[in-house]
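These are the structures in question, set out in turn.
Note that subunit A is present in both complexes that follow, paired respectively with subunit B and with subunit C.
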Partner chain A sequence: MKFLPYVLRNVLRNKLRTLFTCMSIAVSLFLLALLYAYIEVQDELGAKSVNYHRIGVVHANGLTFTLPISHVDKVRTMPGVKAAIPLAWFGGVYKDDKLPFAQFATDPQFVMQVFDELTLPDAELRAWQGDRAGCVVGARLAEKKGWKIGDRIPIKGAIYPVDLNLTLIGVYDGPDSSDREMLWFHWTYMDELLKQSRNAAAGAAGTVWVKGESAEVLPEVMRRIDERFASSDAPTRSMTEQAFQQMFTEMVGNVQAFIRNTALAVVFSLVCVAANAMAMSLRERTREVAVLRAIGFSRQLVMSLVLSEAVAIAFLGGALGVIGAKILFGIESVTSTLLPIMPVFYIPWSTTIFLLGVSAVIGLVSGIVPAWRAARLSVVDGLRKVV
Partner chain B sequence: MIPVKYNLRSLRARWVASLMTIIGTALVVWASVLAFGLAAGLEYTLNVSGEPLDMILLRKGATAETGSTVDEATARRVAALSGLATDEAGNTLVSPELVVIVNTARRGDGGKANVIIRGVTPVARKLRSEFKLVEGRDIKPGVREALTSRSIAARFQGAGLGEEIDLLGQKFKIVGLFEAGGGSAESEVWTDVEVLSQTSKREGGYSSVQLRTTGMESMTALADLLENDEQFALKAVSERKYFAEQSSAGIAIKIVGRVISVFLTIGAMFAVANTMYGAVASRAREIGTLRALGFARRTIVGCFLLESILLCLAGGLLGCLGTLPFNGLSTGTANWDTFSEITFSFRFGPDVLLQGALLAMLMGIVGGMAPAIRAVRIPIVNALREI
Partner chain C sequence: MADAALRPLVELRDVSKDYYRDKFRVPVLANTNLDIPRGEFLAIMGPSGSGKSTLLNLVSGLDRATTGTVRVNDVDLGSLSESKLTKWRSETLGFIFQLYNLMPVLTAAENVELPLLLTGLTRRQRAEHVKTALAIVGLSERMDHFPRQLSGGQEQRVAIARAIATDPLMLLADEPTGNLDATAAHEILDLLGQLNEEFGKTIIMVTHDPRAARRAHRILRLEKGQFVHTHADALGAI
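Moving on, here comes the complex of A and B:
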């Protein structure tokens, strides 16, 4: 510990070089923070959703097949079920939006019971329940689009052959980890339009979402639901919310492998960069290292001094990048402007700590060769050397 | 003009620093080019999928085949229109097709993805001019048999030649493998349209009608008729446009690739600056000598800049070469417009490699600029006195 000032002095000796090394590591680790957070956020959301003990029920043939609305009532009366709603992905187009948002047809009577971590003012909920063509949107979506209560929101159907003429009645909010970019409207409104156009899609609930009474009853409820409909026209596959999210992650393909490979290349590249800088600065200090050895510093001590210096520089850079990312993406408006395609994004603590560790390891590895060379230096040659 | 040989020899004299910098930049270019190659591959697949004179007819308002229905009577009326191309045997090139999406398990990782099952008539093959049966035989009408591409056969369980794939609870035998010039048909499983409509209980309707027109003029005229005539009221788009609009997955990959390359390039610039500052510092006397010999400041700045660029280009070249083993490697991701998997291959064309080389150049120029200017700002007398 008493050598800390010596190490820090050396870190700051060539300020420009240290600055460049730090910046190189900072910028790269900022990027890694974003990439890893993407993986981590999905895992965390999945893990968190366990607390809400929700079940998603989809058609056994997959999401492109829909379940009939009658399934919802049958599920609602099953033991262990607190509430059940239809949730149909409308997938329509708002104006000329290039980045579409999620629209769901659902049941206003029960939706807030199923998604009970979200909050909607009572007055707005009651008003929505009474207005067939009313809709409710998430706070982040409302902010992004600049919508206010009373605004008209026309949506053209792309999957369903009907167009919606919605009025904004309420804005729901929720914890940071919740999706606050959805639009909900009356399932019955969509169904009436479909019936008018005599479309075969009328009467379809899409998926069914169930709120279980507790986490323990979920497996039993899922089994009961799937058994109940096994021989019906629309057999079901029930899954926990976590499994449901997992399904989407799987569809995107092997993003994790891509991110890990990129990260590996980046880390290796940074080791080269930092080792190079370290080697350069030690080459300039050859004589000094020889003096240290001459006045009785052991090889191990010289080695650990150099290693600490390398770790200090890399850690400084890493901290700048990772904590910078953590702070920057902790600001809501920054996240929604820079990453409009991600409804939920933040840099989890686990990612922050992991990457801080990575930056220390980069420093350690980059210091090995220079430290070894410094420790092995012949005192006589070193003292004689002019740099 | 200072000979390039001087730079090359200088780089060799400081070979450890040069090598570290080359490896560092190579990895950065490698990671960026890999991401570019991914985006280019997906773009290529969507671009080659459309034929210039082909049109696809969908339900009005639908954005993809998967959300579209065209009834049998309308399809028959379309086939009787004029302005349609015919093949050598005199058959009109009109192909009513039924698309069903089936959630299928991938080989290996056990994840699931949606695969497009396309019900076709024989004429569908003629509308994909690159279509070629490469293994096995064609399907027989009225039997549960299917064709697929090599990439789907390799990616999904039960999709290999001679295997049986489970479609909506029925077993379909894969009897042949086809190629379609790398287009989106290579992400599909093909079977007889009648068999598929029975299996999926979607009798009496198709998802889309694809057709070939005799020329640009008849294409415009047909599109006008099909869109505006009451008895059709369809959405008629050219295939080129249809696929060009399915770009959401491509845009996401592109953005991610850009973000990765921007951050890593900036990080690498700092690293290059470090190396070049080191080079300048250790060659102060050389620079003084060059100045004393009468070389202009401009020449010396150019000389160091060239050295920096050479260093980075070597890294860039190495990085580009490193991506070549990935060329043609097939992968897949979710196409959110069709809600199904699209398979494509990494493509490192000249444009992608050029982008990598440009990144390397940029690192060299920006990273080398400040050190090069620093080199000529030391007064000659001081520089010569330095050891």
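Moving on, here comes the complex of A and C:
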């Protein structure tokens, strides 16, 4: 600790160089914080979903195939099933939105039983159940769009050749980790429109979501469902909500491996940048290092002083980037503006602490070669050097 | 103990030092013998390349002799490991350089405190030592000044304060006035004289300046790695 003032003074010796080094580390770790947070948030959501005892049932051939609505009633009667609903992705466009929000056709009678961690006032739920052109939206979506109860929400079909003319009946809310950016409307309303336009998609439930009675019954329920429809025209593949989310993420490739490999490349380049800055800094201080050695500073002490300096610079940059990201993405309006496609996003503390550790390691590794060279410096040659 | 006290503080016996430039051996010191008693103020003169700084480096343990023995305060420097030598240096010697070699990022007080950080002294004790050392060199009022805010003479005084902060047995000064104007040089030499007389510090000073050398008790002249004159001869030759 008694050497700390000397280390910190050296950190600030060439302010411009320290600033540039810190900024390169800060910007890179800011981006790494976003990437790692994405992985962590997905994992956390998956882990939390285990508590909700839900099963996602999709067509055995994948998400691009739909299940018939008749599957829903058959699933409801199975032992261990508390509730089941159709959940069909509509994928329409609201006004001139560039990025569509999630719109699902579902069953208002049972949807709040399946997603029972979400809350919708009873009066709004009853009103929605009685209005076929009514819809409910998540609180975050309502806030983002500035919608109030009674507002008209026209949605132009992009996948299906039908348009929805919805009225906002209710706003649901839920825990921070829940998706509060969805719009739900009557499955029967969409189906009527599809039948009127004689579209082949009429009668399709999309996916089926099931609420199990407990965690223990889920494996048995999944087995029963898949067995029941194995010989039908639409065989199923049932999975827990956690597995469903994982499958959804993996549809765009092995994201986690991609992020980790990218992170390794970024860390390597940061080590090079920081090492270069440290080497330049020490080259300018050859005489000073020689003086330290002459007056009795041991090789180990010189080495630890240089390493401390390198760690301080890298940690400063890392803290700036990672804590900056943590604060910035802790503000809901910023998250929804910068990452509109992520219904739930935040920088977990575990990511913050991990990346702060990474920044310290970057400093440590980047300082090894310059520190070793400083410690091995010939005092006689160093004192002779005139910079 | 009495014997040790009577023995010279510095003893060089048949010391040679060779350097190698590529494959060529360059002898710098050849079979040098030297005794420096405790409390002596010794000046070493000689042309560039004569081996003055090499001699200083050998006495300070910054470099090792090719052959022969260097003993300081009854310690054979050749027998010490690198780490022990470093520790010994911090406890025994104070260095004064031609270019002062202060840390530009530290204040005068912090520069003086540097060697004290290697001791077991508390923060308060270190502060006391710093205050005393800066008072001895007459810079009590400049404790919080950075080197860039001091004149050359003042910088060298801070360097001297740093050299004496740990109360070493011996001061090694390599051209301490080489970078100063006549007035500042005079003040620095007065200070070295005071440290020798009042505080009993043994001083070895390498210099090109005959006026500086005259302040010493004894002057040795090195040429091509060997002592060629004693006190009187050296002064006569100047």
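Odds and ends about this structure:
Here, the second predicted complex is superposed on the first by the 366 of 387 C-alpha atoms of A that agree within 3 Å, B and C clash if a C-alpha of one lies under 4 Å from a C-alpha of the other, contacts with A are read in each partner's own complex, and residues count from 1 in each chain.
Note that in this section a contact is a pair of C-beta atoms (placed from the backbone, for glycine too) under 8 Å apart; a residue touches a chain by one contact, two chains touch by 3 or more.
Since the model is a prediction, treat every value here as computed from it, not as a measurement.
In the superposition on chain A, A:Met247 makes contact with subunit B only, while subunit C stays out of contact range. In the superposed model, A:Val379 makes contact with subunit C only, not with subunit B. In the overlay built on the shared chain, the residue A:Val291 is in contact with subunit C alone; subunit B does not reach it. One of subunit B and subunit C touches more residues of subunit A, and that partner is B.
Looking at the shared chain after the overlay, A:Ala230 reaches neither subunit B nor subunit C.
When the two structures are aligned on the shared chain, A:Val50 is found in touch with neither subunit B nor subunit C. When the two complexes are overlaid on their common chain A, residue A:Asn10 makes contact with subunit C while staying clear of subunit B. Comparing the two interfaces of subunit A, the one with subunit B and the one with subunit C have residues 386 in common. Residues 57, 60, 62-63, 82-83, 86-87, 89-91, 95, 97, 99, 101, 103-106, 110, 114-115, 117-118, 123, 162 of subunit C are the ones that touch subunit A when the two sit in their complex.
Residue ranges of subunit A in contact with subunit C, taken from their complex: 2-3, 5-6, 9-10, 12-13, 287-288, 291-299, 301, 379-380, 383, 386.
Residue ranges of subunit A in contact with subunit B, taken from their complex: 16-17, 20-21, 23-28, 30-31, 34-35, 61-64, 91, 93, 156-161, 163, 200, 247-248, 250-254, 258, 261-262, 265-266, 268-270, 272-273, 275-277, 279-280, 341, 386.
Residues of subunit B that touch subunit A in their complex: 16-17, 20-21, 23-25, 27-28, 30-31, 34-35, 38, 59-64, 66-67, 69, 100-103, 106, 109, 111-114, 168-169, 252, 255, 259-260, 263-264, 266-268, 270-271, 273-275, 277-278, 331-334, 339, 341, 387.
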